[in-house]
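Two complexes follow with chain A in common, the first pairing it with chain B and the second with chain C.
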Partner chain A sequence: MIEILETPPLNTMQDLGRVGYRCHGIGRGGVMDRLALAAGNALLGNDDGEAGLEFQLFPVRLRFTRETAFAVTGAHCEARLAGRRLPPWWATRAQAGDELVLSSPRKGMRAYLTIAGGFDVPQVLGSRSTHARDSFGGFHGRPLLAGDVLGNRAHAPFVFRDSAGVGATPAEEAVPAAPCEDLADGETVVRAIRAAEFDSFDEASQTALCRTPWKVTARSNRQGYALSGTPLRRNALLEMRSHAIVPGVIQVPPSGQPLIQLAEANSAGGYPKIGVVIEADLWRIGQLPPGATLRFVLCSLQEARAAEQASDAYLASLRRLAGYCRKAAA
Partner chain B sequence: MSVNSDVTVLKEARVSFCGSAAVLLDAEGPLALATQERIWRLSDKVRQWEGVVDTQPGMNSLLVVVDSRTADLEALAARLRETWPGVPSGRTAGRLIEVGVIYGGEGGQDLPEVAAFHKCAPADIAKLHSGPEYTIFAPGVSPGFGYLFGMDKRLFTPRRKVPVMRALGGGVSIAGIQSNLGKPYVEGTAKEVPTGWYMIGRAPDVPQPFDLDRTPPNLVSLGDRIRFRVDRVEA
Partner chain C sequence: MMFTADKIALLVATMKRNGVAELEIREEAEELRLVGAAGVRPTAAISPRTAGRMVSATAFGVLHLERQAGAAVEAGEIVATVAAGPLRRPVVSPIAGRLTRMLARQAQRVEYGTPIFEILEGKERS
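Our next item is the complex of A and B:
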C-alpha cells in the first residue's frame, strides 16, 4: 500500500482513458503521456493500460507501507527512494516504510507512478481514470490528497534479477520526433493531420501553422493548451455548429491563437479546426511545461501509422527486455 | 437578422479525418430534425462496424472513433461516404420531460439584456422560449441534457464575443439558435465558468441527468424532448 504524505493539488489517478461512452458526452480522459504510463506498466509486467498516478505538480512525497515493486516514468523529476536517487524511467522494489520523493522535473512536465498489479480502485465506466469535472473514477473521483492510502491488486509475485531494478530508455530518446527543417534549439515537434476547416484558413495562416513557433502559455492544463504565436486567420468568419472533438484537435478561436484540446477535453466543441495532432505524438505535448515552444509538421495517415508502429515497437521491446529482468518469486 | 446566415451550411456531406484515429462526417444542409434522425441511425449502425470503438453525434455531424492501431481510416471514410445517403430518417419516439423555469432573476440575470436585444419585454422572451418542444440532438460537452434543438428562430441571439462568468448549474441559457439546460450544480465543482451564452432562467427542480448510482446512469437519451414551463418571470 502507498500512503500519500504530501502532494500539491491536481495530481490524479489516470489510465489510458474511457472509451465507448461518448453517447453520454464523456470524452476519453486518461493520462497526458500515454507512452510513459504504458512504459511504466511494461517495466512491471502489467497491462499497458493499468492505472498509474499522474503527477503534474511537485514536490510529492509518499510512503510504501509494504514491499512494493513500482516504476517512475515520464518527466525527469529526481525521484529519491529512501534517500537514494533513482535514474529516470526506472522500476525497482521499495521496502516497507520506504519514502519516495519526486521533485520538480528538470525535464518534462508529468511523471507517472505505476505499481505491480495496479491500484486497487474500482473501474467506473470501464476505466480507473479520474473524471475530475464530474467527480467519478480514479481515487474517489478526486485529485490525491495527503493522507490518502492506495492499495494495490494482487499479482504473481516476482523479483528483479538485479536488485537495483530495471530501467527503460526514455521515450524521448528511443522514439524520435518528426524532422522539421528550420527547428531551433529546445523546440518540440509534433505531427498533425489537416482537419475539416484547414482549407478555410488563408494561405499565410496555413503556412504559419508549420513554419512558425508556438509558445505554450500559462493557460495550459490537462484540458488543453493555449498557444501563442502568429494569429491564424480564416477567409470567412463562419460560425460552427457544436460537434464532437478528440484530444489533439487544434482549434482556432476568433483571436487566432490556437488551442490544442488534450486528455481532459470536453467531448464536443464549436471552434474551427485547422489540424489534429496524431495520437502517437500527443505524449510529447503532455510533457511540455508553460513557456515551452512547439512546432507542427503536417503528416499523412501513412506517416501517422508509422509513428504509431514506432511507439508500439518501443513498448514491445521494453516489455520483452523487462521480462528478462524479472523472475517469479520462489 | 437572417438565421443561418453566419453558420456554415454544406451543399454536400463532407467526410474528413479528425487526426489519426477518428473520422468526422458533416451532413449537408441546415440543422433539421430529419437530418439529425439520420445521424442517430448512422451512429448506431457504424458503432457495429469492425474497428470502431465509439461514435458521437454532433449538431448535424457524426464523429467516428477507431482503434488507431488497427484502423484503416481511408476505408472507413469511404464507407461512411457510401453509407450516409442511404440512411433513412424516421422518428424514434423519445420521452418528454417537463421542466419548470423561473425566467429572469438570480441565475437568469441576462434576461433583461436578451429582452433589450430583441426589443421586447422579458415575459415575451419567456413565452417565446417556452413555446416549442426541444429535442435532445447530441451529447453535450459533458454528461447532461445535451445539445437541444427546437428554439424559436426569432430568439436568435449572437453568442457573446467576450465570455462572462456565469453559474450554469440548473440554468437555462441561449446562444445563437440553441438553448441549453444545465444539470443541477454539483458540490465541489466550479460554480461559475466562462461562457458566451446568456442565462435567461433557472430550473430549481431540474432532475440530475446523469447519476452513476442509477442503471442506466443517463436520465435522457438522444431524441428525448424537453418542454420548459413558465413558473414565474422575475423582472
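Our next item is the complex of A and C:
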C-alpha cells in the first residue's frame, strides 16, 4: 500500500482511457504518455493498460506501507527511494516504510508510478482513469491529496533477479522520432496526417505548419496544448457545425494559433482541423512542458501504422526481456 | 557439421569471459549444450591489494553512467546501468565509499567484469 505524503494539485490516477463512450459525450481520458505507462507495467509484468499515477506537478512524496514492487517511468524526475537515487524508467522493490520522492523533472513533463498487481480501485465504464471534470473513476473521482492511501490488487509474488531491480531504455531513446529537415536543437518532432479541412488553408499556412516552429504556451494541459507561431489562415472563412473529434486533432481557431486536443479532449468541437497528430507520437507531446518547441511533419497512413508497430515492438521486447529479470517467489 | 571445434572453443571462451554458466544452441538439426565446470568464474576485476576497489559491469551491453567520479555512494546503490535492447540492468556499488576514478566511458560496450569505477572504501557522505 502507498500513502501520499505530499502532492501538488492535478496529479491523478490514469490508465489507457475509457474507450467507446464518446457517443455519450464521455471522452477517452487516460494518461498523456501511453508508452511510459505501458513500459512501467511491462517491467512489473502487469497488463499494458493497468492504471498508474500520473504526476505532472512536483515535488511528490509518498510512503510504501508494505513491501511493494513498483516502477517510475516517463519524465526524468530524479526519483529517490529511501534517499537513494533511481535511474530513469526503473522498477524495483520498496521495503515497508520506504519513502519515494519525485522532484521536478530535468527532462520531460509527466512521470508515472505503476505497482505490481495494479491499483485496487473499481473500474468505472471499463476504466480506472480519473475523469476529474465529472468527478468519477480513478481514486474517488478526484486528483490525489496528501493522506490518500492506495492499495494494490493481489498478484503472483515475484522477486527481481537483481535485487536493485531492472529498467527500460526510455522511449525517447528507444523509439526514434521522425526525421525533420532544418530541425533546431531541443525541438520535438511529431508526425501528423492531413485532416478534413487541410485543403481549405492557404498555401502559406499549409507550408508554415511543417516548416515553422510552434511554441507550447502556458495554456496547455491534459485537455489540449495551445501553440503559438505563424498564424494559420484559411482561403475562406466558413462556419462549421460541431463534429466529433479525437485526441491528436490539430484545430485552428480564428486566431490562427493551433490547438492540439489531447487526453481529456471534448468529444465534439467546431474549429476547422488542419491535421491530426498520429497516436504513436501523442506521448511525445505529453512530455513537453510549456515553453518547449514543437515541429510537425506530415506522414501517410502507412507511415503512421509503421510508427505504431515500432512502439509495439519496443514494448513487446521490453516485456519479454523484463520477464527474464523476475522470478516467482515462494 | 555446424559446430566445429574452433566454433565451440570460441563459444567457451565467450562464456568464460562473460560469466555465462550454461549455454544451449540449436541450429537446424544440431543441438549443442555447454555447461561450465563448477568453479568457472568470470575474470575477477577486484584486487584486494590495491587501495581502491572496482565497481564492475555484471552484464553485457551498453553502459549508462548514473554517477560521476567524486560521488559518495552506499553499498548496493546503483552507479550505472547496462542496456541490452530496451532493457537496462543495474550495476551496484559493492561497498560504501567514494567513486575515485571513472574507468569506462558513457555509451561504451561493456562485458561481464569490465571495470567501470574505482571506489575508495569509506563511510562519509557528501
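By definition in this document, the second predicted complex is superposed on the first by the 330 of 330 C-alpha atoms of A that agree within 3 Å, B and C clash if a C-alpha of one lies under 4 Å from a C-alpha of the other, contacts with A are read in each partner's own complex, and residues count from 1 in each chain.
The criterion applied here is as follows: a residue touches a chain if its C-beta (ideal position, glycine included) is under 8 Å from a C-beta of that chain, and two chains touch if they have at least 3 such contacts.
Bear in mind the structure is a predicted one, so any value in this text is a computation, not a measurement.
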Fit or clash - chain C, chain B, common chain A: fit
Touching partner for A:Gly167 - first (chain B), second (chain C), both, neither: second
Greater chain A contact set [chain C / chain B]: B
Partner chain in contact with A:Ser242 - chain B first, chain C second, else both or neither: first
First, second, both or neither for A:Thr293, with chain B first and chain C second: neither
Which superposed partner A:Thr65 touches (first chain B, second chain C, both, neither): neither
Contacts of A:Arg84 with chain B and chain C, given as first, second, both or neither: second
Touched partner set for A:Leu321, first chain B, second chain C, both or neither: second
Touched partner set for A:Asn266, first chain B, second chain C, both or neither: first
Touched partner set for A:Ser103, first chain B, second chain C, both or neither: neither
Minimum C-alpha spacing, chains overlaid - chain B and chain C, in Å: 21
Contact residues of chain A, present in both the chain B and the chain C interface: none
Residues of chain C touching chain A in the complex: 58, 64, 66, 74, 76-78, 81, 83-90, 92
Complex interface listing, chain A residues touching chain B: 19-26, 124-125, 133-136, 142, 192-196, 237-246, 248-249, 254, 266-269, 273, 276-280, 301, 304-305, 307-308, 312
In the complex, chain B residues that touch chain A: 6-8, 14, 16-22, 24, 26, 31, 53-63, 65, 68-69, 73-74, 138-144, 146-147, 159, 161, 176, 178, 186, 188-189, 210, 212, 217-218, 221-222
Chain C contact footprint on chain A (complex, rising order): 84-87, 89-90, 162-169, 174, 314, 317-318, 321-322, 325
